[in-house]
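Chain naming follows the written order as A, B, C and D, and within any one chain the residues start at number 1.
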């Protein structure tokens, strides 16, 4: 559905990069969940640009919750979060030449020229701020029910982070890191790559890896609303995500069945798998093991090198050279967007499975 | 939504591996589309097991269309296709020990033991026969509107097929191949790998690559119903798919923005991109270039080696050794399922965009 | 959504009056519900034509459940019920002249002439047999959870039945009546009216009144998915229903607030209302009192008098005189359709509220 | 779906009576539609209280459109309208005693006491201001495509307005009337009834009748998404609506088929019906004639007489006497809400049928 995601717990996004306000309506969360505005602020800070490796456009991200909260708790009715746009420089944008790798051309095809083209308009990564604010509430709600989510940069320009080890400790640690890597030694190397690309007017991408622990077994549907289907649907909404894989994902293509199957063991009355090549999901349904997935993040399309474009009015070939403020990498900022939309999708799956009083206040 | 996919053009699946009949309801296709039963039969034949590289369970797949077709054309009202199950051997299945890599355990968690466990029940790949029959009608409808879909095995056990070249010729060729590779020389090598695995009681996976040509620009939504979101939602419903990537996908993680961006050129008044790293989709919306994606197919979980399991009644550890008839590879059979569900998802996106008389009779 | 109703518990209808088979896919019911085929047969018998007051086309309504049931209980996966059409006389129908009061003309506008026009095709009341079969399972499931549904003819050609009194006794009684009235003395009078109309080649309509008891308080949504919205959406799908009212409905227009408000009392710790002018629903949400609604059923449009029509090919005015087998009244047969679709809608509302294990096995 | 209505054109509502802001997100309207802020203001003025027949709480209804509009036209992306609450007196409300006829008790059952109870919270008629603002845009869009909507008070406390005559003239006239009646002589009589009820601390209800002209034939679905289903779903969301009937509605119950059927005639090549007992809808699909329906509006539940209630904490019986500012009638104010939600529902049906560029810019 357009700009609305979720069946029982649903989020609706609105806003443009250079419009007056962006926001989200978060509907269907259980009543009575405590709203932690500091945590929302913290999550928004993780999305904000950071120093040399990010754009110079920094927004205050002052948010207002104008509905759905009463005496500090969710009411169960729709919660609207608004974030004003303050630091916009629309003169950096012109309509005529679509930027390669961006949605300028496809927006023109879809909206016939009526789209707000400034800064990517409704397609802008800016809109993810609203998603992060809404997601923060979902993350809190899941945490109160023992479900933890965390994402790290598993690869950036061929530099690889270590794998998840002690999930609980790793996820706790990631929550506080502005540059989310499990191996602290890798941070400087990755940042150097980003700065190198920036110095050449270029940009880098990477791979994000996410773990979710604490999910009950038996969530998801065999056909169409598999957990993979619902999560990938959500994840591919995030600008720049071009691949999603669960468990060993594409690496499974080179394994034998005897290597890929996860055998079962009973440990203290609890049934677990001895390995987790399937990423906690069998037949589209959670099996109680950690849910693991990775997202491919393409390099930021905004670069400062000369690029080929076409004048949409005259249909003549042209050359484009961007000015303004842009990120040489967005992967570290995209991380919290992945966590947010994952939390929203999981709240929906859980409420569909267990009813609208889930997650529990 | 459970077992139903699509908003304007929707497919609903039902049936179990060892039940009486499986089937699909296909709703929302434009009225007046000619039904080609021979093409449906052809598509079903592509899904059927083949010789030594497949299971010995071969179904006739005699289908009946019991509604929605009048005088050889779609009426615009729901079309129900039924396929009886004839060749079932339920005694090969027992309920107590969940098979690793299958949905037996998660089905138990979700359905509390009431599921039909024989042959995987509703989770069985058998159900995809109904999807293929419904998809055949969607593929025909798209073809009548100049939209072609085709999938090949781009990798199997580290053996790689060539890339797409002349899309139209390649897609035409693939439609007739029971073992879909673009480079004919590669077929024997891949089959040898499958037979080798089979001889060891094991199985293999691989990667499928799909191309869609002829799609108009401007289809899809910026948030949540991006083309990537909708297609991945559909694709991850197919059993054994554990990864989906668009354009260069995960390879984009190691590219610079200057390498990943697709510049625009005007050729004869038509705007095209000079490269297609983004797989025909920008900002979630088609740009008129070929839509390209790849799916990771895990090795078939049914293997004949001894595996670890747990007795669900006693919660005691146990050993499982499968008997019966199973595929050492399903990737060549999964190909037509990918084409089918892609066609269904695209018909839905096109009908949402252009109205319920699309695709045109 | 086209031909599919429900979000968590959903029913999908297919078939045409003179097609091969009609049927329904019922998805999302809790696993483990016992299937009572005799009760399904009983419900279908209530929909079947009866003696002089009905059409001479009588179908055996032999149904087959081909999926979703294992060892006599629901599996939790989609249940497909098929009913073959056996007693069809297509020669009674011609395409050219749309019948007044029927969907012939609107089907032509929507489907451009590709619709199956024989016997009303997919618009036919015949399709409700599949709805009744699916609804029988929902009715059983609700009954096992203490929720009872029943409908009587509250008015027919100005003759009025008595009001509900002892709900439980009345609902039990109605379940066995082929001609559902609470006051036995009224049956002969109403039937005489129907026979009188039939003898004049004419038909009659009436009002059906439904009561649902045992629903918990707190089901429904304040906006858009109010209980009234969801039920009316379902009810207005039934051919011939042209009005739906809850509680006192249109009679509320002439009451004062002091007469229409239902005061609260506490009786043995349970909160009840002393009157029920609002039909058990406040603010779109159940309050625990009986849910009461009435449906206006228009007179059967198939009559044997001469009527005005237009030749759709030539656009010339014409005269139409129906032949064949038609009902002078369908209200007594529509009753079980109302019960069925009400049960399906309530199962959906309850599963959305309390999760997919509701109604409980 | 909770708080979101529509599939292709969708509206999402948020806000509480005494919250900071209320609002609506309107998504899926065609790009390029001109936004007429004066018309939105005009529509909001029709919803605002008027003199002696309304509450003394008058809101300025200053709205802000913060997204989805660029250079005075819709962009095709979601449009968010915000309306601040300014004139609130929360001290008039207490939580303990549910008001008869209101949603206080059912909200408690659904939200477990976490709901914002002040002024009815999210259930308040106040929220309809956002619906009216969004609906004004839909009404404008339909008007640009030749589709007109209008509603009058057809009955209030046994006083009846005249029927529609010249639809186009009547609908034009109604658009400017604060008290919408077709017969000007009736206005004073109806207002006198309202004032009389008010003087007794009581309230009145009535019946609203709506006409829609200019709709093309062939819109709607045969099962589940009939035009009646979709409109009634929308209309029953409006607080106080307890009945909806199409065409002759409940009066059809006493007609014969020969009286109720609408014969067809060809007039200048256009097929019309000679009567319109079916309200422009056959088989759930528009036939090109005016769509006619009526809504029963119950008397405002807020009255100043002593009423029975129960203390929700102690479960003891109690007496309630409201203070504050309330409407003795809301029917004249509800009129524009009916028009608004009708327009939104029709935009959705039309976009589903004809694609997302409808209504045309």
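Operating definition for what follows: a contact is a pair of C-beta atoms (placed from the backbone, for glycine too) under 8 Å apart; a residue touches a chain by one contact, two chains touch by 3 or more.
Small disclaimer: the values here were computed from a predicted structure and weren't measured.
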{"item": "Farthest chain relative to subunit A (centres taken as mean CA coordinates)", "value": "C"}
{"item": "Superposing rotation of subunit C relative to subunit D, computed on C-alpha atoms, to nearest 5°", "value": "180"}
{"item": "Pair sharing more residue contacts (C-beta pairs) when A-B is set against A-C", "value": "A-B"}
{"item": "Distance from subunit B to subunit A - Cα centre to Cα centre, in angstrom", "value": "27"}
{"item": "Computed distance of Cα centres, subunit C from subunit A, in Å", "value": "45"}
{"item": "Shared-contact residues (touching 2 or more other chains) in subunit A", "value": "1-4, 7-8, 13, 77, 110, 122, 222"}
{"item": "Complex interface listing, subunit C residues touching subunit B", "value": "1-4, 7-8, 10, 12-16, 19-23, 25, 27-28, 31-32, 64, 66-68, 70, 73-80, 82, 110-112, 114-116, 121-122, 357, 361"}
{"item": "Subunit A - residues contacting subunit C, complex", "value": "7-8, 77, 222, 352-356, 358"}
{"item": "Residues on subunit A engaged by subunit B in the complex (per definition of touch)", "value": "1-5, 7, 13, 98, 100-103, 105-107, 109-110, 120, 122-123, 127, 155-158, 197, 202-207, 216-226, 228-230, 232-234, 236-237, 239, 241-266, 269, 271, 273-274, 277-279, 281-288, 294, 296-303, 305, 307-310, 312, 315-317"}
